[in-house]
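As written, the chains take the letters A, B and C, and residue 1 is the first residue of each chain.
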Amino acid sequence: MSSEHIYKQYDNELEAVRAKVLEMGSLVEQQIVDALESLVSHDTKLAETVIKRDHMVNALEVQIDEDCSYIIARRQPAAGDLRIILMMIKTITDLERIGDEAAKIARFSQKTIETDRMWKPRFAEIKLMATLAREMLHMSLDAFARSDATKVLPIAQMDEQVDEQYQTTIRQLITFMLEDPRTISMSLEVLFVSKAIERIGDHAKNISEYVVYMVKGKDVRHISMEEMEEVAKQP
Amino acid sequence: MNQPQASTLKNLDEVRAMIKRHKFNDYIFSVIGLLCLMVGLITLLILFIDLIQSGYPKLISADFYTNFPSRRAANAGLLSALIGSTLVMLVTFVSAVPIGVMAAIYLEEYAKKNWLSDLIEINVSNLAAVPSIIYGLLALGLFVYMLGFGQSILTAGLTLGLLIMPVVIVSTREAIRSIPVAIREAAYAVGATKWQVVHDHVIRYSFGGILTGVIIGMARAIGETAPIITIGALTFIAFLPPSPITDTVPFINFEWLSSGFTVLPIQMFSWLSRPNEAFHVNAAAAGVIIILVTLLMNGFAIRMRYKMRQNIKW
Amino acid sequence: MNTTTQSLKAETRNLNFFYNGGNHAVKNVSMPLYENKITALIGPSGCGKSTFLRCFNRMHDLYPGNKYEGQIVMHPDNTNILEQGVDAIEVRMRISMVFQKPNPFPKSIYENVAYGLRVRGENNKRMLDDKVEEALKGAAIWNEVKDRLQDLAFNLSGGQQQRLCIARALATEPEIMLFDEPTSALDPIATANIEELMSELKNKLTILVVTHNMQQAARVSDYTAYMYLGEMMEYGDTDTIFTRPTRKETEDYITGKFG
């Protein structure tokens, strides 16, 4: 993938699509940051921005899909090129979903701010989860940019942590709800937000798995951690 | 060509003038070429017409073709010459064609390609350019005296056979070479042996070319005078060679091979050297016959070649 | 994808080939040829793939000075067809070839197909008729020519001529068929017909095809070998070669980064 095609235009086309994917990735990263921020600092305007920007994320998904189908039609990509194209198509699907989750979080944030309630939700508990999820997305996008297949293992481990955190949060919330029924609405909101974050983590993990297929040609989805370690060891 | 508009227009005019000049040159050249062609054609045509005019009275008389030569011009005829030419051509064909064709096939298909085969190829082509009288001398020494065939049809036929053999060999080789490699490879790929490829394909497809070469060679041989004179064709023959077909077993005899004979060009030459004007008429008529026969044979060769090439598309 | 058991029809063992004059055109190639499968040879011009192909039916024997080293072994009889004692004619009876440019004989359609049988001494008209028909059917051209078997082969279109050449090669019931860039002189529809034909033929015999069109190799073959400068760079099943080749050289060639 470092050497150039004889058809220079082909190189340009591939590069253009990669750039767009990375652009979508940073946009989505920003969406998550802003959505969580709006939640924590009760910033209505920020929430509004996030919701509006989701259109841009969707538009990018459509564009990139189209570009990829043109490349397939015209270039009949094979081997490494084929894997790149296929995985980019899958990646943007996951990115778009992450964008949706961010928009959901922003909408919750709006609802929370508007509702005048005695008990405002405390999102401190989910801060760890959120940080992990953000970091996972960042790492997987980085892995894509650098064609680095080694990141899949740490990201998978982080995803396990996110899942654990999620379970912990649920237990905590159940405790709250049992102690004081007035906290139920707030707890449910916190639950939904943490669910969204957990999903973001899953999507980020998917993206890192795609990178492995892109680089090594091995499909590491749906395999166990031990098997993944094996694959990571191979060249 | 990054020039402003105005000068582009000016260039256009120049270009047009140049094109006109070139077209004029084309025209001049085609006229010159045509004139050159005409010179050759018209000269030949004039000669031919002159001959016909001179020999006309004899050409139209049936006696001319059935009489023997005679001391009296009025009675002199071409019969012995016609028969003689035919028989000599027969021997020429039989001696030149099988040997020439097989030699060519061997050289093309079987012989190793090295310096020796190159040498042979060059020399065979050169043989075609040797003056025909040399063949006559060779024949005199070899056939007439050493082998004792005497001054006969056999000798004449063999001599002319030697004469045209290079032509036969070269045209056969050319015909064989024009067969594309792809066809040969296809034949071998199907499991044919070398002889099968040669027999089923090489000979079959080059047959047209071979035939053409043979006919052209024979057309030349008919008009050859020098070697025949050298080996002693008679000029005044009032008899025919014995007939090849007899009424006793085995119904074919070869006595005619050792008979004396004359051929058309000799006959014509002999009439021409008589002082009597009347014989010149005969000579002219004989000349016309020779030209006609040559043209007919060449025409036949061209037509045969055309027909045979119909099936072949390469 | 290849879960069926496959048997070896032939294999080359350390095959080397030298043209007259010393050009080392095939360098130490060891490659299997699986039965009832299509194996494709790809590579840039001059990589030796056609030379390699023509070793199989001893075509190089026709031109003096060529030298083989190594073995090409046929199974199940374990014969090395390059051995001195093995007659090239016998080899060509087991292995037939279809060439790049359609090259039918300037004979009738019938005679073209029958020729391979005639050289074997088959002269019985009934037998010949049957076998010619079978071969023409096998080459998917019977319906188009059955009413004009005595017509000249040259009157057919390019694609039809090539199918006729395939019929000619089929008539002798070979075990292996060699195709040397069979469609490079044909238009896309004729090409598709030939490729489809090859897919059907592989059920009856084993096919080795040289092509400079990579997509054709991808479409048609079960196994692909990539050759470069006389060496076998990589060999594998087609799916793997075209999605994740092992060697960078193969990857570069397939993705059009060179060649």
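Quick note on the criterion: a residue touches a chain if its C-beta (ideal position, glycine included) is under 8 Å from a C-beta of that chain, and two chains touch if they have at least 3 such contacts.
From a predicted model like this one, the values you see are computed outputs, not experimental measurements.
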Using only alpha carbons, which chain's centroid is the nearest to the whole structure's centroid? C
By mean C-alpha position, what chain is farthest away from subunit C? A
At what distance in angstrom does the C-alpha mean of subunit C lie from that of subunit B? 47
Intercentroid distance (Cα basis), subunit B paired with subunit A, Å: 92
Subunit A and subunit C have mean C-alpha positions lying a whole-number Å distance apart equal to 51
Touching subunit A in the complex, subunit C uses residues 214-215, 218, 241-245, 250-252, 254-259
Subunit B - residues contacting subunit C, complex: 112-113, 180, 182-193, 196, 200-201, 205, 311-313
Sort out for me which residues of subunit C touch subunit B in the complex. 57, 59, 62, 64, 89, 92-93, 96-97, 99, 101, 103-106, 115-116, 119-120, 152, 154, 165, 168-169, 172
Looking at the complex, which residues from subunit A come into contact with subunit C? 3-7, 10, 76-83, 216-217
